[in-house]
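Next come two complexes built around chain A: one with chain B, the other with chain C.
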Partner chain A sequence: MATPDADKTIDLRGTRCPLNWVKTKLRLEEMQPGKVLEVVVDDGGPARNVPRSVEAEGHRVLALTNGSGGVHIFIERQ
Partner chain B sequence: MTAFTEDQIERYSRHIILPEVGGKGQRKLLAAKVLLVGAGGLGSPAGLYLAAAGVGTIGVVDSDAVELSNLQRQVLHATADLGRPKCLSAKEAMEGINPDVRVIAHDQRLTAQNILDIIADYDIVLDGSDNFPTRYLVNDACVMAGKPLSHGSILRFEGQATTILPGQGPCYRCIYPEPPPPGAIPSCQEAGVLGVTAGIVGLIQATEAVKMILGLGGLLAGRLLLYNGLNMTFRELRVRRRDDCAVCSEHPTITELIDYEEFCGLRA
Partner chain C sequence: MEQVYFDHAATTPPRPEVIEAMLPYLRERWGNPSSLHATGVRAAEGIERAREHIAALLGAQPDEIVLTGSGTEADNHALIGVSQALRDKGDHIITSAVEHHAILHTAAFLEECGLRVTYLPVDGAGMVDPPDVRDAITDKTVLVSIMHANNEVGTIQPIAEIGAICREREVLFHTDAVQTVGHVPINLREIHVDLLSLSAHKLYGPKGVGALYIREGACVRSYMHGGGQEQGRRAGTENVAGIVGLGEAARLAREEMAWEMSHNAGLCSLLIRGVRQHVPEVTETGHPCQRLPNNASFCVAGVEGESILLNLDLEGFAVSSGSACTSGGLEPSHVLLAMGIPPEIARGSLRVSVGRDNTFEQVDRFLDVFPRVVERLRSMSPIVRAASQ
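So, the complex of A and B:
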């Protein structure tokens, strides 16, 4: 699957739940609707929890990919 | 827009996670200025939680010193504070909880002469006073200045709270037009109060203040909430603006602030 182009990327590997989501949310608040944020989180709990929170808040998860030492979440800000 | 520090992100994470608050709401809290009238039973729990919530500027008006009989409910103050000015122990307690909070201590009694200058610097007034002269003075001044006001009062096992949005909803005088005659209603000093009652009502007031800052939810404007801790009931009365309200109607008869204690000899 082709990964979407991200307007911004943040690396939150090593950041535990729920702080990884809090930091993701703060970054999304600064972005315009339609822009894409790429977040890199640890596999396991964070890779399951962050996308769930993203969607609960009404944003779109465009893609989830396994990359170098983490999971890349591509989020379209609504 | 200043960025949050790492500590702030962690400290306020449970607020930021709330869809209704977020970083945007937390910034509003940090920018907000709330005045506590009294650092007593009601002001204590309200002050502690407002400080913890990150309300950036909190003013405290109180001219009393901490007494042993206060400590059963006035949780801002500790045994080691006995004899110290309440507004100073309140300041230390609130700033100790959260270094983001600046507490301004007003070590004085509110009077018709000073109240408008003091409330001018704040967005919201939280009345935790324990006497009628102050309560009416605060109501009248907030109406005249157009300041949102959270009212609370307690006695024995009971309490009440309402939120006054001048020009939009009823004020305290719409509900109770005049102070009761001196001695008609006992004070907590005379009649006692179950300490936890102060916590319940003070935190209802703090909740209203936080919601006003965030622009959230339904306020207690036009509603008088009555709490009875003995039966554990909450009731509410719908209250309306009075066309003939002496202070908030179109043709007020009270246009200057009144110091009732001088007027009718009632002592706080």
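So, the complex of A and C:
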């Protein structure tokens, strides 16, 4: 599957839960609906928790990919 | 009688917008920001928004802001944190003779721990000479800490020049900017500062909150030990409402700084001209141009500053004699003595620091009252009576 094009990227590797979700949420709030945010988080807990929180807040997780030392989450702002 | 508040360098009244922003974090969003559940996340959101506002005010990145319990804690964090992190590199710190006690007493503590501290002199205007910094740096120097503006006399130090010297010599540079953040522009993208301390209650925020800017990559050890808050840089459950208040104060300061600087400078200019005109034997202290726009400071010959302060208080004006932290003491201010002002003159020090809610009418009333207070005290002063006999 092709990786979606991101309008903005934030690197949250090394940022623990729930701070990584809080920072993701603040960036999403600044974006227009339909825009795509790419968030890079650590594998493990962050890679599980952040997508869950994103969906609970009503946004769409378009893709999850592994690479460059972390997990890339592509989120469409709703 | 209405009390006119002319002591904004000691503390500022929290703005109504700041209090409004804080209230939800006391009433509904009271969660622990470290908690993983939604109650905690709501509190953490407030902190992260505040961090972004503080960073924007300084021209910094949000992750470079470490929230603390006060400006004093931020100063302690900078000095102790750097000296511990770099103790294999060296054991020497440089500061100035006119710093706030948050720096001077911390430096004295570090001397007790075996570090060497150089206290740079200042000129008659309270200014550090940047070449003195260059000359004092040795291969054992780990930190230079020079305040941005002095809390007593308002002199603004040449921190851009000092920062450039520190960068060239590869020594970390800290500035105590408690008096300047929110009052004069600071852009950390343009000047070289590695660490900067600020305090919320000096910019119309609440007490009990401060911050330390730590440039990304700067080597600083954690000062508080415990939980992993502030990405492991400052342990202790955050004062969420207070931090939100600081964030709102920073946001407002960024929006309104130009107006406030102009307003305060106008008030101080009127006040200084009036004092020159109506009160004889008054020495203006601090730098004539490189100074805080909200600070007017004087030494009044023949009277003690504390006596003027108390008499002005009875007349409805809140001012300060020297540093508010030491106004209970009779010792002349260390700042004025370092500037070469004789102790007998320094004892007559007075600081008037204005703010956004002050008016020109209040300054006019002060100029009506102040000369009478000085005249009355001089007529009772044994020093003046002895001189006139």
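Note that in this section the second predicted complex is superposed on the first by the 78 of 78 C-alpha atoms of A that agree within 3 Å, B and C clash if a C-alpha of one lies under 4 Å from a C-alpha of the other, contacts with A are read in each partner's own complex, and residues count from 1 in each chain.
Throughout what follows, a contact is a pair of C-beta atoms (placed from the backbone, for glycine too) under 8 Å apart; a residue touches a chain by one contact, two chains touch by 3 or more.
Every value quoted in this text rests on a predicted model; they were computed, and no experiment measured them.
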First (chain B), second (chain C), both or neither touched by A:E55: neither
Chain B versus chain C as contact partner of A:D43, first or second or both or neither: neither
First, second, both or neither for A:T15, with chain B first and chain C second: second
Contacts of A:K25 with chain B and chain C, given as first, second, both or neither: both
Doubly contacted chain A residues - partners chain C and chain B: 18-19, 21-23, 25-26, 53
Residues of chain A defined as touching chain C within the complex: 14-19, 21-23, 25-26, 49, 53
Complex contacts: residues of chain A adjacent to chain B: 18-19, 21-23, 25-26, 29-30, 53, 56-57
Chain A-facing residues of chain B, complex: 1, 4, 9-10, 13, 16-17, 19, 22-24
Interface residues, chain C side, partner chain A - complex: 35-36, 40-41, 44-45, 48-49, 52, 228, 231
